[in-house]
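Chain nomenclature is as follows: A, B, C, D, E and F, assigned in order of appearance, with residue numbering initiated at 1 for each chain independently.
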Amino acid sequence: MTESKQAPISAAGNSLKMLQAMVGIGIICALMIVLTFQGTAPIIKVKKAEALEKAIFKVLPGIDKTQTFQLGPNDSFAALEGEGQEGKVAYAGYSPNGELVGVAVEASGQGYADIIRILYGYDPEKQQVVGFYVLESKETPGLGDKIEKDAAFLANFSGLEVSLADDQSTLKNKPVTVKHGTKENPWEIDAITGATISSRAIGDIMGASTEHWAPLIHKNKEAFGLKANENTQK
Amino acid sequence: MLNRTLNISTSPHIVKGLGTDDIMQNVVWALLPVAIFAVYSFGISALMVLVATTAACVLTEHFLCRFSKKESTISDWSAAITGLLLGLTLPPNFPVWMAFVGGVIAIALGKFIFGGLGYNVFNPALVGRAVLQAAFPVAITTWYPAFLEGRFSAVSSSTFTVPFMEPTVDAITGATPLSAFKFDQVITPASDLALGLITGSTGETCALLILLGGIYLAARKMMNWRIPVAILATVYVLSGILHLIDTQAYPPPLFMLFSGGLMLGAVFMATDMVASPITPLGVVIYGFIIGLLVVVIRIWGGLPEGVMYAILLANAISPHIDNWIQPRVYGTSKTAKAS
Amino acid sequence: MKEESLWYIFINASLINNFVLAYFLGICPFLGVSGKMETATKMGGAVTFVMLISSMCAFAIHALLVAINATFLQLISFIVVIASTVQLVEMFIKKMSPALFRALGIFLPLITTNCAILAVALFQTNKGYGFIESLVYALGAGAGFTLALVLMAGLREQLEFADVPGIVKGTALTLLVAGILSLSFMGFAGLGS
Amino acid sequence: MTILIALAALGGLTLLLAAMLILANKKLYVYEDPRIDVVEDMLPHANCGACGHPGCRPFAEALVSGKALPGKCTVSSDEGRVKIAEYLGIALGAEEKRVARLACAGGINVALNRARYQGIQSCQAAALVSGGGKGCFWGCLGHGDCEVACDFDAITMNPFSLPVVDVDKCTACGDCVVACPKDLFSLQPASHRLWVNCKNLEAGDEILEECQVGCTACGKCAMDAPGGLITMINNLPVVNYSENHNTQVPIQRCPTGAIVWLDDEEGVVKGKEAKKIVRKGERGMGYS
Amino acid sequence: MGLFNFRKSTFKHGVHPPEHKEDTNGLPIRQFPFAPLIILPMSQHIGAPSQIVVREGQEVARGQLLAKAGGYVSVPLHAPISGTIRKIANVPTISGKMSVGIYLEAFPASSQEVMEGTPIDVETATAGEILQGIQDAGIVGLGGAAFPTHVKLKVPEGKTCDVLMINGIECEPYLTTDHRVMLEQAEDIFTGIKYLLKATGAERAIIGIEANKQDAADHLENSIPAGAPVSVQVVPVKYPQGSEKMLITSLLGREVPSGGLPIDVNVVVVNVATTAEIGRLLPHGRGIQERVVTITGPGVKKKGNYLIPIGTPLRYVLDQVGVDEQISEVYMGGPMMGVAVSNLDISIVKGTSGIVVFAEKDVKRPEKVYPCIKCGACVDACPISLNPSKLGILAKFEAYDEMAEAFHLMDCFECGSCSYVCPSHIPLVQYFRLSKSIVRKRNASKQSS
Amino acid sequence: MSNPIQDKGNTGFWGSLKDSPSTDEFIKGLWRDNPVFVQVLGMCPTLAVSNTAINALAMGLATAFVLLMSNILVSSLRNFIPKQVRIASYILIIATFVTMTDYIIQAISIDLHKALGAFISLIVVNCLILSRAEAFASKNTIGKSVLDALGMGIGFTFALFCLGAVRELLGNGSLFGVPFFPDNFQEWIVMILPAGGFFTLAIWLIIFNATKAKKATT
């Protein structure tokens, strides 16, 4: 109590002590962080890759191998090791016999509460979306988040028609969400009752993304397939 | 006779005689036609919902008063109003157990915690409904068409759902005019809206009866007519302007006025005296805010209907309005305001 | 990734995902200083101000850390830099404008370790916002915080003169009202989409 | 490499921070006597204001700066006051304990009501309505404003709607003095035991119709009291406390018991000739 | 002048309580018998009490000075009857406090002749002389406030009075005193106006009358002496039209500043009965001895407008007119602002404009007080645009300082409109009266410390 | 930070009951001075991640870990740190442990890390930790600080669990992800929404208030 009565400012030694203490603690902290980081970084990397792989396996049924491609200049794809640039990456998936099953693409858009990030698989042969997985969403639990779990809704994406128009640069029919129970065409997505907004958001995201990606993937169908062949040769 | 003990009290020694319980009772009378029409158009399912909410509110009020060792206040009729209003905002096929839960929440959370009648800062019925909407979003947006055959002989399959269990949904469900517009760009004709030939919550379908009730209350000075007028005028003008800008994207103003819970909300909910501002100007501002929010949420928001949220938000703002808008006291300068 | 419009970023941070009512950020000051209108507005202003500053700091630090490949130091640098910057600002204001200091200054130390401030820094980095977007995000978060605080203050001022039952009085009542406000704010969901 | 970068970065950062703090410390240090906190902690935190300061902290400041003495705090225990005095090394400055005394004995068992008061149940409110319903214009209205005003639970209303002061709990804060619209409370040194328990300014036995324990201004106490201890002023006896007032003589012949002896053990002691009040119920209204 | 008579302007808000004036407004003023013993408190007016100049046992003649003014804001008191001073002692008053007073035992009625004093000639007297004359006559506001009239009439240095307003509104239900005075004493009123115009220096006088007293308005209009700068204006019926501030706003559109007086907007307002009294007393130099009182209410048998000597005990008055067996409440003044009497031993004083008696069955006091539901009826009723709802809640939670600082509590003049309309039956006026007294107390202690 | 704690030491009812001071350090945090229910500290994580029991538990444990470690370090360095830089140093130390925890959780389970989101990082600004460091660890021995941290940490975890369990049970019909009710149980979705967090905590506080009031009257 009484020690603070002395003005704690004057002594230069005090300043030095403060400096020492702060820097000392800073260095200890830095050491601890770095050690933890270096200890955990590899594990985290592996786990992250696993998680992504798992997602790709989900949207491209029947594959056992994936390969990351990055969209380069001139709309061409190049195989890539490690992380690619966001928004310009596609993941090709191959069947055990090395055939290209499809390409997984990430897409995102405005949902009911916040941005929804999804991953979907596109089969350039069938010109169909073959799988769908929600990477991240903050949709209302129990309602909007049915887009992740609702079996009937997910069934929409195991064969959603995304066929190209004749000029190969646009879609014949953009995928779109329709009211529950009124799905008539193969490019329509049947909405979830009570979660119309989130369902529609998925339709919008899907529509916008396929419109962009489907022609690109088609154009580079060979590039994906070729890469796979190289892989199998190795 | 001059040796009797006199009574003394402060002036004034006479009162106008209109009591708070009279006002409340009259609100109930004004609501009854609306409720009767609801039962007529939706059948006994609607009756079950109304009975459940009203009973829940009155019982909760009674038991909470007992619990806090106060005299029961159910005789002031305010709990009955809350219950009736809550019931009128729910879908006719709403499970009775959920309606009951809603009534309990409306009184406990919307009124009791603030100290009962006179202190609730939000409209209790809307608090109850907001919680229900958040808790059971599917059940509260599953609608049931009006004037079905056999509506007086059988209840809908969801009405008597086992408590705490999920309701089974009927095959026949309808879409409210607002969701029909929001999701399918279908505009219901205004005459259907006014006469209540539409799908919707039990009490929101017949705009004409609601208006009549409102006019009755306003004429007897038991309701502040400025509030509904301000709300409806704001909605009409704003949506009218939007409709003029783009007839395709924005619905016609009359459709906006008569669809959804706007009428019921404007006439019976927003006018909750306790949760609305007190000065004439403040009341108009309050009405404007509700109208604005209704238009914004309906047209640009994710939800088809926003009257409930608009009123709750305006309730939250009303203490501020009362702070800013004080009547200019006689003899004080026109610029000086009460701080 | 689809670009978000600045307008949407603002609406999202202030109304749809209100920091207090949807993310529970800054609850401590929210409970603490929402009792009086006057302090609430001042606190809101001060928080918004600090959010803007820390948003700028965070943007710079993040860029720097990415450059030297030490993103694992992100958290510790954020907190240290924000804390010291706020302190600097405090001293600066004290020197330059005593009036402003009296209005805002007393709140500044309280704000330093407010989770909402740190959250702005972390979220904008996670979302990968650019500089302008970060600023708008911080502004929106601050506006939302102020809005929640001011609404709450108005209600609490009114509830001060209410027969609130004894067991509900205090924090519990504030939380319940916050819950109802949070429900009301759900009406904003989907705006701007 | 990462380690080095991290060390350098954090080291630099902390260096910066430390430098800034040191600077701030030098520029902005405001000295406040730490003893104020200590003394404030020793005070009862009642913030009653009986010491003449707005609260305990200002009183602590005054104590530390030597502008006040611990004895002023009537709420503290004796030990507490001694402790503060020892801590600060100053004199105790003991004050004689004072307590609030009520100058009315007209409970509902002895006093009549003139009219039935209806309205807010508070003395201050009732006093504004024709002075309240009480028969005696000076008497206690019995709605208990003082009980509410007392922060120390020292005042309770007895079954006859008269406030009773708990001398041990009373801190002489004066809140009841302010609260009483009839000005019946006053702060008296606890040693003042000879007490005039009435404020009725009228004289004569007519008073007894309104209140059986009122002072009729007969003046017997003044006659009996030794050497000018009591004088009759405005139809009421007034005790001159500067004289030796430690005597029970004046109360003995009082016919109504309006002048009393306040005893620690026995409570209110009335004189031998004072009429005994046996009624336990309400005396009621003046008229049927 | 008459050009603007069609302008039936009025003040904001206000209420319309049932009038009940038909019981007595057709009954001419009658002399009331002299009581055997009258009781005269020295504080019949606002201000310092009068100082007694007689002693016990002394015989006094009717009109003789009993007490002189106790200061500037005070008036003298004259003997209302001839008789003997029986006792000088504490007497009960309406406020509930005891006040020094005189018990005067009457001589038999035959000897009741009035003493003449020094007349004041309106033509020759100066303003100051008239004011002195008014004080010497012991005249106070007879409308109920009992504020010494000469103080009110004194135009302060630096201010001018351009309009003299004669208040014949009488907005209180039941009361018909002023109504009868206007019908029966028009001549005195115009004489009084002459004195008042001179005393205040005003250019013109306006007599304000509520529309429910059209006969009085017509009568006065017809009796205006030729060339007198007097006009009669009829205003719509609305309570509290009779309040000075409201009347000024209604007739002139001027607004008296908060905390200010009518003279701040160059107006002096005098009650019509007071004016008549001035017109009757000053030419003879007499003091005031009696006044017109409406005795009415459902509990009274012989209702009427009576000329009653000051100091007549209430018990005697009620005995004479006869009251209901189940008498329950007696008000001095009207039911809106009048004071409930706790004790019939108090007497008629200069400010007593009416006695309203309610029997038990007539009192409709609601049993139950509900919480404020913020319906806004009080806000719509308050003539000075306060927010009684908020004030009431603040008072309930004892936030007196906030009431005074932020919500203009001290401007409330307790007209009772808010309590009258409140559906929750909250005793708002009582809250405000209590709060005002506490705020005054606090301010006083603040100033002294 | 905004809520400096007044250490009540060994006085009071519980203090007199427990004669060993060290058990008291431990017990008080569990119930009498429960950081959430009594002191109302650390609200952000309490409400934000208590939508399921598992999240709540994980968050509670993470916080308890940081609290424990920083209490140890602060307590052991208490004579080394000058008074003027103590807050800054505490923040540094806490931030360090939070960063470490962040990485460790990521290494254990990416999903859990995703569920807890940024709230792990936000442990840094949890007023509970800083206030314990400031009010207790900086003045007491390592042993006492460890006990204090354990008590407070477990109390915090317990409170979070109370909230999380209620919210998950009603909002999701399950506990720790295991369904608890029959299949067609109607979930009260409001409970896992933000509003539900406010309501649940308020109800717990009311329960605490009520028991306290009852204790006071008996």
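Just so it is clear, a residue touches a chain if its C-beta (ideal position, glycine included) is under 8 Å from a C-beta of that chain, and two chains touch if they have at least 3 such contacts.
The shown structure was predicted, so the numbers you read here are calculated from the model rather than taken from an experiment.
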Common touching chains of chain F and chain E: B, C, D
Pair with more cross-chain C-beta pairs in contact, given A-F and B-D: A-F
Chain B and chain C: spacing of chain centres that average the CA atoms, whole Å: 33
CA centroid of chain A to CA centroid of chain B, Å: 44
Chain centre separation (chain B, chain E; CA means) in Å: 49
Centre-to-centre distance between chain F and chain B (centres being mean Cα positions), rounded to whole Å: 41
Residue list for chain E, restricted to those that touch at least two other chains: 339-343, 365, 371, 427, 430, 433
Touching two or more other chains - residue numbers and ranges from chain F: 84-85, 88, 92, 95-96, 99, 103, 189-190, 193, 195-196, 199
Where chain D touches two or more other chains at once, by residue number: 2, 6, 9-10, 13-14, 17-18, 21-22, 25, 114-115, 118-119, 125, 128-130, 133
Interchain contacts, given as pairs of chains that touch: A-B, A-C, A-D, A-F, B-C, B-D, B-E, B-F, C-D, C-E, C-F, D-E, D-F
Complex contacts: residues of chain D adjacent to chain A: 2-3, 6-7, 9-11, 13-15, 17-19, 21-22, 25-26, 29, 31, 33-34, 38
For the chain A and chain B complex, residues of the former touching the latter: 112, 140, 142-143, 179, 193-194, 196-197, 200
Residues on chain F engaged by chain A in the complex (per definition of touch): 51, 77, 80-85, 88-89, 92-93, 95-97, 99-100, 103-104, 106-107, 110, 114, 171-172, 187, 189, 192-193
Sites on chain E touched by chain B in the complex: 11-12, 15, 17-18, 173, 245, 249, 255-260, 315, 318-319, 323-331, 333, 335-344, 356, 358, 363-366, 368, 370-377, 379, 382-387, 389-390, 405-408, 411, 414, 416-417, 419-425, 427, 429-430, 433
Interfacial residue positions of chain A with respect to chain F in the complex: 4, 8, 14, 17-18, 21-22, 24-26, 28-29, 32-33, 36-37, 39-41, 43-44, 47-48, 51, 136, 140-143
